[in-house]
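Two complexes follow with subunit A in common, the first pairing it with subunit B and the second with subunit C.
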Partner chain A sequence: MKVESTHLEGVPVVRLSGRFDAYEVPQVRAWFDANKPAKAVVNLTGVNFLDSSALSLLVQQMKHCRERGGELALSCVAQPVRIIFELTRLDRAFPIAISEQEGVAALSFRRN
Partner chain B sequence: MPNSLLSGQRRELDAQAQFWLAAGAASFALIDDGQCRQLWGAAGVGDAASIESPMIAGTRTRLRVSGALPIWSEARLNLDARTLGAISRLENDLDVMTGDLVESQDQLLALYDMAQSTRLYLNAEEMLTHTAGEAARLVHARSGFAAMSDGVAVTSLVQSPGGQLSTAALEVIRARCAGGEAGEWLPARDALPPGVHSLYLKRFRVRKDVYCVVGVADSARGVFGSPDVKLIGAIADRTSAYLENALLYQDNLRQARLGAEMQLARDVQARLLPSLDRMFAGLDIATFSAPARDVGGDFYDLMPEPDGGLMFYVGDVSGKGMPAAMMMAVVRTATRTHAKFMHEPTPALVLGRTNEDLYDDMTNNAMFTTMFVGRYSPKSGELVYANAGHSPVVFCPSGGRAVLLEADAPPVGVLDFNLCADHTLRLQPGDVLCVTSDGLNEAKDMGGELFSTERLLESIELHAPGSARDIVARVMGDVHGFSGSAEQSDDQTMLVIKRHG
Partner chain C sequence: MPPTLRIAVVTAHPPSSGSLTEYAFHFFRYLRRKPEVDELILLGDELPAGKQYVFDGPGAKVTVDPCWRFDAIDNAWRIRNAVSKHKPDAVLFNIQFASFGRGKVPASLGLSAPWLVKQLGLPTIVLLHNIMETVDLKNAGFGGNKLMESAIRIFGNAATRMLLSADMVALTIPKYVEILRAKYGVDNALLAPHGSFDESPPPSLELPPGPLQIMTFGKFGTYKRVERLIEAFSLMQSSARPKLELVIAGTDSPNAAGYLESMRQRYSDVENVRFTGYVPEEDVRRIFGEAAVVVFPYTSTTGSSGVLHQAGDYAKAVVLPRIGDLAELVAEEGYTGEFFDPDDANSLAHAIGKIIDYPEHRKQMGLRNYRAARGLPMDEVVDWYLLHFERLIGERNRSQPLPA
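This part shows the complex of A and B:
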């Protein structure tokens, strides 16, 4: 899996692609541990599969962001992954945006 | 020299003395450092008429004859003295060589003994202590020591006989024992650890990330020479082989213990998830659960209520294996307690309280748990349920199409407040509720294709006319038939409830 990071309007954006499972979790966790963001957008455009370890990591990082007074938004969630969020109703726990830009905008409306 | 001459060459000296006395000499004597050590013939003959000859160049051991001597006496005495001296020296060399040979044989025997006895030690630390003691004994050192390191730091350092080396000396030795490469250390006098007058140590690799040191301190001979170094080398080779065996044995033992503990854990979990096939409150019930590994994070439970109703739940802790299994036991207990002791429990209230209880634990362990809780009342035929992120839950009305009962809240442990609500469903005779874990719809075939929610719905719909037991057996048969010999990658659990009639 590829992990790329950039900034959009000062907000860190992590772009993930490929299969996001227990084997890939450590490198994504390493990015969060290194950056300790209060706000971040995780772009899941290229992710075609997510297992429960990956979901656990996203939930954990969402909690960390909220502890730091911010929020974690997801963006560009492809259909197979969106279904996973819908079935587990994790779509009620994360702001899910259609673009990185909208994800950043969603962050500014929440919990500041 | 005079002593060894007197003991080793006594007969030669006697013969020489007889010869000189017969040739007219008054006396024949062995002189050392100006003193007469042995005299043949008459004492007190005038010194003026005597001649002397050194036996070995550079020493003060001499032969002396005195009296009226023939003219060839001096040449003859020189010859005799040199011959006797040479014989004596050769015999001395022979003695030393014989001594060395005996010592070597002793050492070989001792090394063999050590090899035999070391085999008995299967604990690495005991073996190190034994090796240190044997090394000291074999090279005649006051103390021996041995250490193991992981290539960076020393993990154990022992000395034998104990208490010979000071703490300060051991600290210097410890520093030399660390490190991840083979090597040796024979320090010069000014580099010796405090209180130690001679030292040699050899560091060698046993296996990846395991290095060992064997060393000796304070030689009885003053310094450690080449034979000692060779001997320690031989001891190191032996030790390396036996230590590797001991480590392998320990690995196997640890593996066996872990295996036995896993088996116990599996038994415990199997008892927490008994097969609950039964008829209860007009319901035909069947269950199935198979962890992907020895133990898993799926769970279910059925709890008859005093009013004749039935509370039941199915959950799936995120992750797999032991961590999920430990959390599963915690969630099961919390849910059971709330379901049992809460005043007028409803599925949503039970889920809400479980979430309150376990939110922090789930957060600290980066886990969450999807959970479906239901309560069936035989009087009304109503099924009240709440679903925290659990999927797939399939409802198949008698003769109708199978549909998913979707969750309305995220899993337990995700949010610190409860979004769950109770929903009601009236069960008609022949209606089937099938609560499974995602290990079924996400089961993969050899090509990596998922069994899928669609196939699961089809399978349940197809087998719904059978008994609860048959539905479990046939749906699982479809899943297993689909995945073939592909490895089961996630826990698989199924609870089937069918209204009788």
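This part shows the complex of A and C:
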């Protein structure tokens, strides 16, 4: 799995690709632990599989962002992964945007 | 973040002998530790004289209100009134279809509680451990004849619709979500992981000295039955093996009073069978730790099995019936086990033998089940519910703005 990060309008964007499961979770968690963002967009374009451990990591990081007064948004969620979010109804808990730009915009509208 | 949430949890909880107490104990334990939780209100069942709910140790304040009684017909109304009195921010029901009674009327009426609570305008989530569509009524103790079963199905459908009036209905098996969404046309049924109960370091794969223990754990008499297991054990003792002991750990199901005593009498000629009776929480680790294999003598399944997750927590090899949900659970959640035909004692004896006769196979299976169980700790599962509650509370506050 690849983990890349950049900034868009001052907001950290994490781009993930590959299989996002229990084995990859520590790598993504390490990025969040190192950066401790209040706001972040996680781009899931390249993620073709995501298990409950990965979902749980996103839930935890959403919680941490909120504790810091911010929010976590997802962007570019491919259909197989979107189905998992719909099954768990976490699609209603996370802002899910169609692009990184829209994800950043969603963060500025939420929890302000 | 300052603690702000006051959550009411409707469930049977130890030392109650009701269903789902094991799950409730662990869910409650982790929920209490969450920094955003200010108070938990246990809306549990009334305990027999001499027993009381005890919540010590660190965590949020716990208020206990025993406001319902197994098999009473006014449980839903009493729960609704208790919720109204305590005014929590949100309500969680930890239930299954027979949580409120063995009788059809009290069981069905009790299931209207989430609907009544929802009418109070409070965010409500039901964690439903089984669904009517997959319950084998006969084996679950609710059958009798075809006409009766049809009637129960009709009531079951009505009860399911009431449950689905909650804001969200959480299920631990994907298939259950699909069934409810398809049959009832709802989109508030969702998948929530079952979660593993324990947070201990990896347990030892070695066994204590003494007889090899074949263990089964639970509440017996309805769909968990020990006849084939004892017969299989009897067959195994007659072959050239180290000394074996069969440990039947647990009590009668609330729907099958006297079952285990009848088994004890019926199979009194089978040696080395130990009935432990009720297993206190502090003894669960030892009971599992001493077992060479955990057997699931189920004739049907009514939900994701907490015992399977416990067996995984303790790195145990398992023997499972070749039926329904358990086989799916094994495949979907990464567990592994030996399988048997639930009607065939020979098949069960053979499956157990494949584990206890091959220590390396037993250890590998235990390790794999441990890793599967560790997939998602209960601590993290609780966060999913809090996230859902936070959203629901936010939506309610936006639609019902607080007075300035």
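We adopt the following convention: the second predicted complex is superposed on the first by the 112 of 112 C-alpha atoms of A that agree within 3 Å, B and C clash if a C-alpha of one lies under 4 Å from a C-alpha of the other, contacts with A are read in each partner's own complex, and residues count from 1 in each chain.
The definition used in the following text is that contacts are C-beta pairs under 8 Å (C-beta built on N, C-alpha and C of every residue); 3 or more make two chains touch, one makes a residue touch a chain.
If you're wondering where the values come from, they're calculated on a predicted model, not measured in any experiment.
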| item | value |
| --- | --- |
| When subunit B and subunit C are modelled together on subunit A, clash or fit | clash |
| Partner chain(s) touched by A:59 [first = subunit B, second = subunit C, both, neither] | both |
| Partner chain(s) touched by A:34 [first = subunit B, second = subunit C, both, neither] | neither |
| Of the stretches 189-197, 243-251 or 261-269 belonging to subunit C, the one that collides with subunit B | 189-197 |
| Residues of subunit A that lie at the interface with subunit B and also at the interface with subunit C | 22, 52-53, 56, 59-60, 63, 87-90, 92-93 |
| Interfacial residue positions of subunit A with respect to subunit C in the complex | 22, 51-53, 56, 59-60, 62-63, 66-67, 87-90, 92-93 |
| Residue ranges of subunit B touching subunit A (in the complex, touch as defined) | 316, 318-319, 363, 366-368, 370, 388-392, 406-411, 413-415, 419, 438 |
| Complex contacts: residues of subunit C adjacent to subunit A | 1, 168, 174, 177, 188, 190-193, 375-376, 380-381, 383-384, 386-388, 390-391 |
| Subunit B-touching residues of subunit A, taken from the complex the two chains share | 22, 52-53, 55-57, 59-60, 63, 86-90, 92-93 |
